[in-house]
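Chains here go by letter, A, B, C, D, E and F, matching the order in which they are written, and residues are numbered from 1 within each.
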């Protein structure tokens, strides 16, 4: 086992533990904090993959901005376990059923997949901005522009909602 | 799962938070409580509570001989104690029918205008502090220190001066006091300009104060506003002009008025009044010099000769003459003959019309003495003024109203 | 308009209701029946000649020796238009000190009336929020009435026996 | 008229018992912490009236309390070491004062500035508390109405003396607990 | 096997560097508190702390010791874990940003080994700084929220919205700069600003991006929560803001983190816009002294510039009033972001049509 | 609102100019002022090392006076206690007996004379009330102290040193 793998396993445990924490903790603030931990672990994975730019953008955008907003909203709305209404039995039952079905589907999907054992061409510059930019503006230019239009419309929507009062 | 702000059920319903501003909140100067109903940072409604330093001035005044009330008045508006002292003396003098000589009047004017400057300086610099500009506050206090020194030279104390007696002053002004006034007049305009250029035209400050805490002239009058706060709303009512006392009619000065009654107007009105006060002091010094030039014996005039019956005799006489000693005893025992009667008399204090409603039954103490305390009267407009504004505005508005707790709570 | 004219106008408007009208120390004073206070104040407010639209002050005085009119409520009005002051007094018995509130007419009267209630127990009928303002809510007497002492009974550092005055002389 | 300009008979009183007194256990750690604490007294100004204005003057350029390391005013009781009570405390205010004192973190000291806070001063009336020592323990009193800034600085220096010599264990001692108990605090 | 693959001397070198940098930034931050008090005093015609040691130099140490020995109060209704996490995070993120600042040119030892005076020259240095800064607000948010105090909550809410709003303008203003430099690596950016004057123009970026610099500076004020943007702890409105309920060293951490942040951001500002450790006539100096001395001079130059920057921050704090919440938002969203966008467009235009 | 006087003058409330809208010019102006103060001599008086001179009429700590022969001037008339608004002065009078003429100037003297300095408001009324020039307020600030008891100043604390004994 080389250090690379050691770090990989540690990060994986943290990421999965964090993800579990998100759904298992009853306090929404704790959930958000777990999610942030997960983001950090995922960013670590990016770094292991030599995608430093993605890693840091992940932190800036998700951990730094979006989660701050989440936390902000949760603090302002005063959401917490005491106030959250208890779900009805029927709803809980439906949840169990649908979760179980999803689990089965996933299991079936995993069963047929093959682990890719051939190493990807590990160029050290693969995660750098220049490479990323090349790909984004050539191969993926259409989806990229579409998503920017999506964001623009979301922004306009937010302004409209915010202007209401 | 207790890590959240406890809100009562009702406040979740109404989507607002109750915030307790004060009494130990720094912006409430330690003595006012405002229970604010907040929608985010916006104030939906406010309920002020006062009385945290209620000291029962009026009750005490009923148990004290007339001359012992002077120290009490010091502690009403302690930012400008001498005005209150003078107001009290003028009230009693009016009741007794004493006419003070011109020199005494002018000396009083000097002292009163100095204390007005001191009062306005505190108020305006505290607006600065509440908007976060601390430095100008310290600059301004250097000049307050000059004023204190003048008071100290005249009467021996800085803040609660106990200055003046019925009919005039306890003692003549020493030359040192005049020297200090002159140095103050020399140094102050420069410092005041500095203070103004730090704040007056600074965009941050202007935006913090413009359109904040405004009140219309009609509402201000209906709330019985007086003083700079009324003038900022555009009413040029000033007791010094409307009902002159202490020979204010001899002086040439302007009444600065604002238009919107907001914090910025109040700030500007106070600043402008400081400049007017400086000019009044200069005029008073000139007038005194003219009086003394015309008649050198005027130099020794510091109380009304006709007030002899109400003024302690000179100490030399007390030590040597029997009649003087007996009269001195009578005076200290408080057995001066005050005519029975009722009088309301007002002076323009730092905050507005400071009124004294005195009922005398001829006894040793006032039968009833009621202080019209401008702060108390206009603080009730505070909830109306800050309704709908932000928390920061409420803080600035409070300091711009210049609420002096001693005066407010009596 | 002089003080005399003001009083004359008022006497004409409220014939027989005014008493003790005089002018001293640059201020005229009238006494009105307690029940007529709002009418008089409103008249003074509305009158185009006088415009007494500024309530300078409101307080009360306690005269324990006047039976049935122990409490005197005093309004000081100011006409900025004429630059004249007017004192309006009314007397009520201490047993039932009921006076109509002026807080509808003058917003500034609100707290002044509360203060008067706090100190003297004058009951301002119709006041929106008549409760103690300066003193603690638990207080069970009206401290400015003459019979109550000024001193704090817990003071320990004074020797009343000596030259200190104590509570007896006043 | 005034044969002597200064009253030299200033009453000097020794430190109250229970502040120092670790005897030979006094260690250099004690001294170092005492020194540090004494030079870093963050006051909580509980200014209600006239003395508050003189306190402002004390903070301002001419007297400059900052020289003693005390210019960081904290308005949150948690962060302060010294409760400076300046001005009249009425009976309405007394419970609030007490609460502020309770919210302060140990070690805490109390300075009663001015006649009103110390004893009620001239306000011997039904509404005024006759000295804050009726509700909270006071370490140093400053006389005057209001005290000159010099006197306030004197008071702070007296507090510094106390702080510098206080043993680290005082706040755990029986005597101190007894003192608090006499005020009904835990 | 695992241990052998690690370049131990590299690790040790970096560890030393890290501890030196941490020590230096803590030291500078400590004395920044002293400096702030002294500067405030001098600006206000006062003397400032003068009793604790000569010129009050021991004042920060006294404060530190006092805070350490103060009673810890955790409000009963507070969330204990988050209450403690808050100040720790604030301190942690404050120290983390120092990793990518190039403190001086690399030293080439005789053995051929090159010691970089930078903990990590990652090729996205600026983004790393951004990431750390954007995470830094958690310390304030969590602390303020966990205190279970309305004033603290308001402070932390203000801090969060302020941080997010100003990060945008800050980012856009930097993009213009990055368009000129063409790299994200701080070491590279500093190298591009070599010397002072080249090809008839200043090499320092402040001369190339004056508007960008002003926007960045304003945003730095906001990110640091310093006056006139000190709304989260505006003492006249929110008592003490997010740290109202904190006592003892946890308060110390918050206060201290602010100064560490101040130091690091000043260093980054200098690195980005004022040439970092570069100074005029550095080539001539480099030619006449040994490499180690030259590096020391460079570090000193950077430190001097940084301290000047810190002083500037202080001068501003003690001069102007603070904004109101809505004005702050207006400034951020309606003035700075459009300005930064315009700046970016102008820069792009210049790069395309003038420089090429 | 109608004008009440002819002395009214509106304050200068002009809208912001473009330069003022830019923030920066006014900030730089402000910086010039505040930074300029750094180079000014600080106004601080380093109390307690430096003392600020008090005015000769300063009302500080009280002094009980003696005459040239070192006799106490106070005659225990009680005027000072009576005039004290804070009721801080307490005294007990005693008759001078034979043989005490060198101690007390008048036939009556104050056997006990106490001022509660915590109550005292330093208003100076006692000095004014004294018919014998026996009490006056000095240029000394009353000292802060640890306990409430230590503020009861008795006669020994207040009396000036006996001029005969010092020689």
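We adopt the following convention: a contact is a pair of C-beta atoms (placed from the backbone, for glycine too) under 8 Å apart; a residue touches a chain by one contact, two chains touch by 3 or more.
Because the structure is predicted, anything quoted here is derived from the model rather than measured.
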item: Starting at subunit A, fewest touch steps before arriving at subunit F; value: 2
item: Chain separated most widely from subunit E, comparing mean CA positions; value: C
item: Farthest chain (mean CA position) relative to subunit F; value: A
item: Pair joined by the larger number of C-beta contacts - B-D, D-F; value: D-F
item: Mean-CA-position distance for subunit E and subunit D (Å); value: 38
item: Subunit B-subunit C separation of Cα centroids, rounded to whole Å; value: 24
item: Separation of subunit B from subunit F, taking each centre as the mean of its C-alpha atoms, in whole Å; value: 21
item: Intercentroid distance (Cα basis), subunit E paired with subunit B, Å; value: 47
item: Where subunit C touches two or more other chains, by residue; value: 80, 83, 134-136, 143, 150, 157-158, 165
item: Per-residue multi-chain contacts in subunit F, two or more chains; value: 4, 27, 30, 33-34, 37, 42-44, 46, 56, 82, 85, 87, 116, 118-119, 121-123, 133, 148
item: Interface hub residues of subunit E, defined as touching at least two other chains; value: 40-41, 43-47, 50, 79, 82, 145, 153, 235, 239, 318-320
item: Interfacial residue positions of subunit D with respect to subunit C in the complex; value: 91-92, 119-120, 124-128, 130, 134
item: Subunit E-touching residues of subunit D, taken from the complex the two chains share; value: 32-33, 35-37, 39-40, 60-61, 64, 66-69, 71-76, 78-79, 81, 105-107, 168
item: Of all residues in subunit B, those that touch subunit D in their complex; value: 23-26, 29-31, 51-56, 59-60, 71-72, 74-75, 78-79, 122, 137-139, 141-142, 144-145, 148, 158-160, 315, 405-406, 409
item: Touch list for subunit D against partner subunit F, complex; value: 1-13, 15-16, 61-64, 67, 115, 118-122, 124, 131, 133, 139-145, 147-151, 153-155, 157-158, 162
item: Of subunit A, residues touching subunit E in the complex; value: 1-3, 6, 29, 33, 36, 52-53, 56-57, 59-60, 63-65, 68-69, 71-72, 75-76, 128-129
